[in-house]
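In the two assemblies presented below, chain A is common to both, partnered first by chain B and then by chain C.
Here is the complex of A and B:
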């Protein structure tokens, strides 16, 4: 039997005594694009950080590749929110991408030729090769997001953990990133993305985890995005229920419009 | 110039190198005020070290005094994260607490401790060349110079070997942790370095002026880094050394406090380097305004 990629068992995480995640049970399998969705403050980012072992569960457990998160950090890449770092930091694009090759074993030593080759490849994959020597502060928001993605790819992970990678990114970049992630998935990598836009969630992801401190639902996208689940997650705050039909229809339209625009925006 | 003058410049330069390199990482992590806090909070440690050892500073006790730097770092952390105080307020509370404790100790033990309030603020760099040591009968120059040199080498090694770790910690702490890097340990290494630097620089430039060396050269380095951390470090260290040379000259010319003149020189250097900076500089801004009124936002948006 396959070991699940992610397995949470009655996982509870508190912050200042207040539960942020409460009694989560779920099991997710590898090789998928998985979205973690839910309203603001529903514990999405906390869930991601717990998966990496950066936050300790107060009770219950979480397993990655069937092991303690701390034991398998080499097999995952984390892509933080773009706003979480200072882009005025003195670094060029290639410096940041090379950080993807830092690991415990070489932190005090030198990077190898292989490390540099993998970083170059990663920059190529996200279309940043011509920007390699550019100061990161001079890049647009979409380019900065691609720098983070390249850094993650350079680590050659089996699992990508991404926190809101599409926040403040234009539609063309969003689609470019999505296509790249889909390619990675097709090569057998797993992608877990914290995402807040319901409208796009249903077409991005194979599977969803819908959170509101508790687990509302997890599983294949169409089984999670039901009016009942959404009502439970968002309450009356978004009139999601009544607009659900509209949303689905509109997002299909968007998809088509973007398909046309893609060729204009790329390069 | 007398040999003593060169020793003073040399010690100033060693302090500047040390503080510029460590201060650069504080600057990038927006922790410059923590450097300020540490530089004040080590005072009780230093007074204790003098009290125990008599008049003479001893290496072991000074290292012990640096523990107070880590103590204040921990206290600030605790107040911010456990007691729910705003970080700037907890910095203010913690270091003034320890600094005033140190001042009280200075005045209580005035007879047994060979430092006074003036020394605490400005240091006594002009007196240091007279406290010499010898090895195997050969005179080796001022004791303090040797101690600073040793610490410079130690911190230099730490930052050289640990460059990647310090860089990653400064740029993206959470990503660093996600790679399995022991971010806590690296953080304490940096803070330990700053504490040691402060304690060792204390006699030369005093509590307040250590801050000038921790902040101003890194600010110059950041201004002229152009996307390169090694360049930022190099520029910071160079301008630190330049400040101590210029500052000594200034002090001789004005017959004023050497330490104060060194940090004034650093500020002058910062002003100059800002005015002549090609993009962010005052001159460039002035010229740009005249040439292109209402320049439209271009280039960055794609």
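Here is the complex of A and C:
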């Protein structure tokens, strides 16, 4: 019936010649809370970044809302890992939240009254109104995470892509984020979250994508979290795949051979 | 004041302001070292421009420095592709390599002994006074353009500097802005080395920006202040170097900038040393007051029915000298917590509240340490003496929640007392 929210076809992404994602096929539908899980270095963040076109696939393809990621950036919001930025940056909470209102059509970042209103609403929604004028470096980890969340909300997207939003936050912030996400989902928004904690994954998400460089499983949470799948994802043995990856890194061979291309999507 | 001096001064102010503003982006993107590299890499360009043209024309020298500055960045990118995750190695190679070539060229020109060489030697340490009217128009004008572009685009470039991945995710032309920032940097440096010279150019990029961060925590004001500090440094350096014929401008500018930085480090609100010391002092006074009222309320709670505490009892219990005691009394009275009455001291309404609050926090922390952190009962008292002055209402709430206690829970006795008496 309707186009899937996210569709990956034989997606391979490499970093310094080493495949980080290997031949991923999956299809996810809208209006869900979707978790991307897997052990460290299993390609979770790479997957998220490829979804919105921040990284280019070496082969295969990704579709968001049935289109090229670059064409639908207006419809999504990205929440990066909290540690990925320097919080000593000279900016107040509201300055960062307002970044969510920047548009490509407005390259100097001028802001309208409407932009400011939406930013205020977003801060209110995550309980940061009283911190609006604070320097971002003065905030606690949980509050900083909520700043990123507010910035994403201010964009009013249909799809949220979040990288480890629960890492290093207190229980109160975790609950606040979860309540907010559930509310967004009830409004028909979709949420994709990179998550590392298996314990809470079951509780948080409707659907899971379990990665370990390749796709182990994807689908409804209870079908993904089976002992077999988890053993495959977290089992200690070095797989042939990762040994091959190391070999490829050493050989520095280009991935795309003549005759192989990603024509799958040109149906 | 002669008119040439005014020209030179205007030039230095503009050059300093442009470098100060552009330096903010370098500092925020944590690549101040790139500015250092670009500045040093301009030397061969200047030498080549002079060799090829035989002229000391400002435009030609500018062109030479911009081209070789840009080339050094291309070179750095290229080296980084092979050296992998060692970005500083690429910078070091570019800096020393280009600079080395430049010195060779300069020496060659010098030994050739032909042409009007004077002025090129100022390239290393700067000689603002050597600027002629034309130089000021060219370099000052360029600096002004750079300054205006930095101010106009500060939001957009700020986004790219703060969080490039997010910027890309909203379709922001990150590459374009990175190129713009690099171009502004190269131009500001090419202009700035006229005043301070290649060797000390990095100071003009870094010090004003770092100083500005002491005074504000917003991007726009940081940029403006940094430009102002850069301009001040330029002006002071020029004025000082004009007092003697052989004084190079660069070192004097840098010294002026250091002076400004020192002012910021000492005087700035919140981040400055003075303000930090003041804050610490206030906190100490607060702790002292709180201790005084706390012990007083304790004494009264131990003898139900009494309303006043004799001064001698307090002094003995707290181990205070007479002087310390009267100082405490004075300050606590000033806070409105106690009243001196016949037969001793008496807490006011707010004094009672305050004393009870501190005691409560003290005991709460002891309970928390003992139950949640497993600290033996006879060891919990000392840290509680400090923590009682620091616990915020939010933390108090969290502690209560974690202990599974209701909001109005108030342990009545310090638990180490309990342990000691076996209660």
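The criterion applied here is as follows: the second predicted complex is superposed on the first by the 234 of 267 C-alpha atoms of A that agree within 3 Å, B and C clash if a C-alpha of one lies under 4 Å from a C-alpha of the other, contacts with A are read in each partner's own complex, and residues count from 1 in each chain.
Here is the rule we use: a contact is a pair of C-beta atoms (placed from the backbone, for glycine too) under 8 Å apart; a residue touches a chain by one contact, two chains touch by 3 or more.
Keep in mind it's a predicted model, so treat the numbers as computed, not measured.
After superposition onto chain A, partners chain B and chain C are found to clash with each other. Looking at the shared chain after the overlay, A:143 reaches chain B, while chain C stays out of its contact range.
Contact with neither chain B nor chain C is seen for A:188 once the two complexes are overlaid on the shared chain. Touched by chain B in one complex and by chain C in the other are residues 49, 52, 54, 70, 73-74, 76-78, 80, 84-86, 89-92, 95-96, 99, 102-104, 107-108, 135, 137, 151, 155, 161 of chain A. The residues of chain A lying in touch with chain C in their complex are 16, 49, 52-54, 70, 73-74, 76-78, 80, 84-86, 89-92, 95-96, 99-100, 102-104, 107-110, 135, 137, 151, 155, 161, 170, 172.
Considering their complex, residues 28, 30, 84, 152-153, 155-156, 158-159, 161-163, 165-166, 168-173, 213, 216-219, 221-222, 398 of chain C touch chain A. Listing the residues of chain B that touch chain A in their complex gives 28, 30, 161-162, 164-165, 167-168, 170-172, 174-175, 177-181, 222, 225-229, 231-232, 300-302.
By the touch criterion stated above, chain A contacts chain B in their complex at residues 49, 52, 54, 70, 73-74, 76-78, 80, 84-86, 89-92, 95-96, 99, 102-104, 106-108, 134-138, 140, 142-143, 151, 155, 161.
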